[in-house]
Amino acid sequence: MMKKLTIAALLGLGLVSSQALAAGWTGGDDQATNPLACDGTPAAAAAMPYDGGAPTSPPDRKGKKITVVDVPKLIGIGYFNATSKGIADAAAELGNVDAKTDGPTKANIDEQITFLDNYITSGVDGILFAANDPVAIAPVLKKALEKGINVVGYDANSTPDARQWFVNQAQFNGIAKALVDSLAAEIGEEGGFAIVTSTFTTPNQARWIAEMSAYAEKCHPKMKWLETVEAQEDNNLSFNQATTLINKYGDDLKGIFGMTSVATPASAEAVTQAGKCGNIAVVGLATPNAMKPYVEKGCVKSVVLWNPVDLGYAAMHVLRAVADGTLQGGATSVKAGKLGELQVINGSEILLGAPYVFNKDNIGQFDF
Amino acid sequence: MTLSRLLRHETILAVLTVIALIVLASLSDKFFTTENLLNQGRLMSEVGLVALAMTFVIVTGGIDLSVGSILGLTAILLGVFWKNLGLPLPAAIALAMLCGTFAGWVNGYIITRFNVPALIATLATLALYRGLAEGISQARSVRGYPEWFFFFGQGEVLGVPFQLWLLGIATVIAAVVLGLTPFGRATYAIGANETAARFSGIRVNATKLWIYSAAGFLSALAAVVFVSRVTTTRSDMGTGLELDVITGVVLGGTSIFGGRGTIIGTVLGLILIQALKNGLALSGVKGDGTIVVIGLVLIGAILVGALFDKNRGG
Amino acid sequence: MGSGTQNSDSAGGDGATSGFLPIELRAVSKSFAGIKVVSNVSFDIRPGEVHALMGENGAGKSTMIKIMAGLHQADEGDILVNGKVVKFASPKDAHAAGIATVHQELLLFPELTVAENIFLGQTPKTAMGLIDWQAMRVRARDLLNSLDSHDLDIDQKVASLSVGNRQRIEIARALAQDARVLIMDEPTAALAEADVQRLMAIVRNLCARGVAIVYVSHRMPEIFALANRVTVLRDGQHVATKPVSEVDEAKLVSMMVGRSIDRLYPPKQGENGNVALELRKVSFGKVVRDISFSLRYGEILGLAGLVGSGRTETALTIFGITPPTSGDILVDGKPQVISSPEAARDLGIAYVPEDRGQQGLIKAQSIEDNIALANLRRLMRGIFVDAARVTEEARKAITRFGIRARGPEQLVRQLSGGNQQKVVLGKWLATNPRILIMDEPTRGIDVGAKAEIHQLMRKLAGEGMAILMISSELPEVLGMSDRVLVMGGGRVVAEFDKAHATAEAVGAEMTRSDARDAA
Amino acid sequence: MTVEASPAPLGRSAFQRFIGGYGQEIVVFLSIVFLFIVVGAINPRFLSDTNINSIFAGNAYIAVAAIGMSMIIIAGHIDVSVGALIGVIATIAGTLAVSGYPVWVAWTVPVLFSIVVNGLVGALVAYTRIPSIVVTLGMLSILKGGLISATAGAWISDMPPEFMIAQMRPFGIPSAVYFMVILTIIASLFIRYTDFGRSIYAVGGNMEAARAAGINPERTVVGVFALHGFFAGIAGILFATQLQVIQSTVPPNLELTVITASVIGGVSILGGTGTVIGSTLAAILFACIGSALIFLNVSAYWLRAVLGLMILATVLADMARRRRAK
């Protein structure tokens, strides 16, 4: 009896959902999308005035030793280990920065806020952050600004007025284009594919999926999105979900997008263990170390990612520049150590560069 | 005698808390400042509100694992009622809190009507309520609340954070209800011997329904404060809240088997945990180290309490 | 086992040489927290005898039993088995020495089967050292058959069994251990009359096989029917060990109490008043069927019957625990809907339940907390519980019922059975009831306390209270009741007034109803 | 009731005993069969051998951990730290493997570690009488924080292929499935046919009665925790070797999944009853449901709600069955 009800409810929900999906791909957010041109013509960058915040009467930190804390979304995953390494490298290089990384063990907005709050109290000079939620983190960052602390974000942005600068690893539409183009190149214009993401609430992933959906509609209209599944930041769950997708769609599934540095290697693993190397393409965001085995075996042709070590490195340099007063609103570029001049976009963002596509030929050169 | 018996664990805990405060204050001069302490109070308010209800739940010998999910569900409903259904914000708040309270009531109903152990019932609703939050929101955040709404989570009254007043008032009410009223007596009686309580004319099921509904209500209240504090609504809000809450309550000396526990103990437990989290962070201990310390303190405090109990005979 | 019992004559005579006594205690003492609960006690048990161990609650019987069973260790003195001094560090050692115990609280595993309960801890093994379930089931069947319990299903979970059957399992368990001494701690306390008879038959059967029985009971008739010798303890001291033939009931009581007690049931005082409670064709499912009777103020109505005959179930229905599925309950002539114990209490009905520890008391709480529990609404000031009045109420009860306790804040679990029962009574009488239901009011209570409770019941009835008493002790039913109803199969099968309520007549109806139930 | 069932020659028939003893297990088993039939009818690929293989293999480590958890719950206790422990085990195993120790060392040392840690937890629970939920709640924090402190979350990869025991496929079937099946069978036999196995039921059913029956409850509790450590250790090794990388963090919510598997499998949270077969079946059922929801195109947004509803339905059905049995 109870079971029948459950099944009925289950089927009902299934129907509801399949109708609700017409709008876009599951897992995308509802913000406006801005797909790039199919041929890669760069969008005209409209110059925007500086829209970041400013610390209230900060002390003169020019050239002085400063303490900086880096609070990423969560600690204990490869990606943020890499950014953390970049930050430490830059700090060592600069010599006048005392930087450390600390944060929640789960990508939890509340815990991240608590960490930030505690570090504000303890009196750091600068904060680097990667937001779990752009809006939720804003009040505590504003508080930091009020205390005269320099605040710079990287990887995941907050609302612009809650921080001074944000180091953007790559624009959402750029990533979307790189991913979709890569997959289209591998599976052709009419292949079916699925997406493995972390959770639907993770802002970056949701943004990417939305942009990918928009870009695919514009430039690869015949590619067939099958479905999106959630897999947390959990290796085993990602593997299981990807395996189920492979089993479910059989030959209809030509490709899988991995939206996180956890989901992509796990999806590649699922394809490998299913013996479908070469039949199912895996394209996604991932760190090179985790992907090396699959790329070298030829199971995965291309991995899209910026260099997270560089991202952390750049963020540290930007923070130093802000503290020194050498980077101010209205600037068009900033010098970031070995990375050279980085361009300012969207008013208060600093672009790391175009996303990097790792392949068999170059992946061996990276170690992070 | 009875009082001293009940207060025994609380005394140990109070001593422990004071020691912790002194040590932490000596480790960092930023710790023992009014501003920091008030700010810490703000941060512990949501856990604190839920912990008050959880104390009642655990004293009856039950447990509620679904509080974090209720918080998430209420937050989502608040946003959906306001933005998607276009209700005025106050009405959306009221309606969402009603739903949160109802979710708590459903827990109580399943537990009392079908005799399902609380751990199992709320394990199921933990998944169910979180699932509803995700399904209803379609994982979309709701943002852009009017400025006045942020008062609940960010505002101050007489220099003290608003939610700390809320927590203070709720604490006093909870302490009075548990310690001094027939309802409190019934709560203890149910936890110590449910059958005997029923045979004594205590309305066992009604009492439990009230308590689980109250857990839903306070989780919902915490949700409103939380949404107001972080200015956005997400379906993953409150994930893992239940463990923080239960740790605080148990550290506060409430017996997981029921029949024993006080609000004072819970408050001390919460303060100790928050002080450790904050104080250790300020003295340069990283978050992972703090987690270890909290685990050790939990086991240690209960262990010391148990040893004291044994020595006094019983 | 079995080789050392050559001189066991079935009557348990006095011819045993001390070298082969299955157990002998010499000057045993034991203290808890500095208080001596057993002091210098010596006695011995002979093969094939029933040795009664008597004394009021708190006299040290339980401690003695636990020492013999290996649950406690004596501070001083020796335990000898077959003439050799032994030390029991754990129950396992006692088992190895052939000593088994049937505990009062029946230490069984409700979720395991009958067969496993009998053998747990000493299961038959296969050649590979694994548990041999088939052999276990066969032996369990044999053991139960040897106890004339052919009707017990060995594959049933114990949770669903009656108390009498659970006890048989405990006895079978002792036999499975090849016990030479079987300690039975108040085995009949929770049994109905028919089960008592059955138990006594089993005890005789065991003695005939050479098993010695240490028999603890408050019930005099059983002692005189079964025992060969009796040892009396008082305040932890050994008063005497005598053959039963040398003592009579009055003498035993005075040895136990240290004074003589009026064993007569107190006479009725005053006249019956109006009808307080009336049941008209009240039913609850299949356990309570079409019950009709009326109870007057000032009257004590006895409800007799076997366990499971529907007595307690009827009481639970009146008290609102299991509200009636059909029929009417009238209080003071007015039909009332009693849907909860709370509603019953508000109508002036009180229920002193059968299972004191589970239903009557919150043992982990104090006397005052327990007494306040049913009276919270009365003990309030504003919206708060008035702590001073709670204490005062408890003081009053302590004085009124002679509860022996350190004070109102003492925990109930530290009190003796009799005093615990008085706390339950105190709790309910504080609600000022007009109708009092007492289910097994003196179960597991020693002689002295028993008489006090009987006196009290009479006094209350004399003051105009209507009392419905349920009891498995036939003498109590006959002695206390103004009228007796006999129940069987969920129905009232017979009614006797005081003059016609004889042991034979009531007993016959009880057992007849048993047959009817089975049909 | 003084009147029992009519006398049988010995007791109940083997069939009756089977139904009586494995009620919930049969329900779970039938649910799995039901899902296979219904989902298979809608999408035959659900029944492909690859999908069945992945359903069985995917949750094998959960099933193995649930064996120990079931024993813990039968003994009247609980362990909320098992997820963290599995994370720690996996990390230790991976670290040993990449540090060049022989694979057998990388397999056995973490299992021994797990046995010792849980044995200590058991000792704390047994001898200090602190409720196991409190001790393990503390352990959860200690293991979780300790793991991150020690590894800083560095992923472990490049483990030698011979270390990857869960990926081996003797006779075309993932070895994790062998572990799950064989350990379940051994544990079932152990818990049914040995004195220690029965003492777990005895201690969980009635501690005082167990003591009176000559069982040392404290030793049993320590033993059952150590045994649970053994199964958690194996689960950790399977978890570590399933994929090419080890995340060296605590797998999220794993403890709740494991406990839920035990409970859905028919182990009473009140102790004293249940079997280890049920929890294994329940772990398979979870994998089935997870897979079926994807096959049935249930919107991923509603997935968790459906899962919660199904848990609730199972629990209520179980309660109804028990009530009928009474």
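Which chain is which? They are A, B, C and D, in the order written, and residues in each are numbered from 1.
Just so it is clear, a contact is a pair of C-beta atoms (placed from the backbone, for glycine too) under 8 Å apart; a residue touches a chain by one contact, two chains touch by 3 or more.
As the structure is a prediction and not an experimental result, all values here were calculated from the model.
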Label of the chain whose CA centroid is most distant from the centroid of chain D: C
B-C or C-D, whichever has more C-beta pairs in contact: C-D
Cα-centroid distance, chain C relative to chain D, in whole angstrom: 43
Between chain B and chain D, centroid-to-centroid distance (C-alpha), Å: 30
Euclidean distance of C-alpha centroids - chain A vs chain B, Å: 34
Contacts with 2+ other chains: residues of chain B: 134-135, 138-139, 286-288, 291
Shared-contact residues (touching 2 or more other chains) in chain D: 144-145, 148, 299, 301-303, 305-306, 309, 316
Multi-partner residues of chain A (each touching 2 or more other chains): 13, 20, 27, 75, 105-106, 200
Set of all touching chain pairs, with the criterion as stated earlier: A-B, A-D, B-C, B-D, C-D
Parts of chain B lying in touch with chain D, wherever the complex brings them together: 110, 114-117, 119-121, 123-132, 134-135, 138-139, 243, 246-247, 250, 255-257, 286-296, 298-299, 302-303, 306-307
Partner chain B, residues of chain A touching it in the complex: 13, 20, 27, 29-30, 75, 100, 102-106, 108-111, 113-115, 117-119, 121-123, 133, 135-139, 199-201, 206
In the complex, chain D residues that touch chain B: 124, 128-131, 133-135, 137-146, 148-149, 256, 259-260, 263, 269-270, 299, 301-309, 311-312, 315-316, 319-320, 323
Residues of chain A that touch chain D when the two form their complex: 2-3, 5-7, 9-11, 13-14, 16-18, 20-21, 26-27, 75-78, 80-81, 105-106, 200, 227-230, 232-236, 239-241, 243-250, 262, 265-266, 269, 273-274, 289-290, 292-293
Contacting residues of chain B [partner chain A, same complex]: 28, 30, 35-36, 39, 43, 46, 134-135, 138-141, 143, 150, 154, 226, 229-232, 234-240, 277-278, 281-282, 284, 286-288, 291
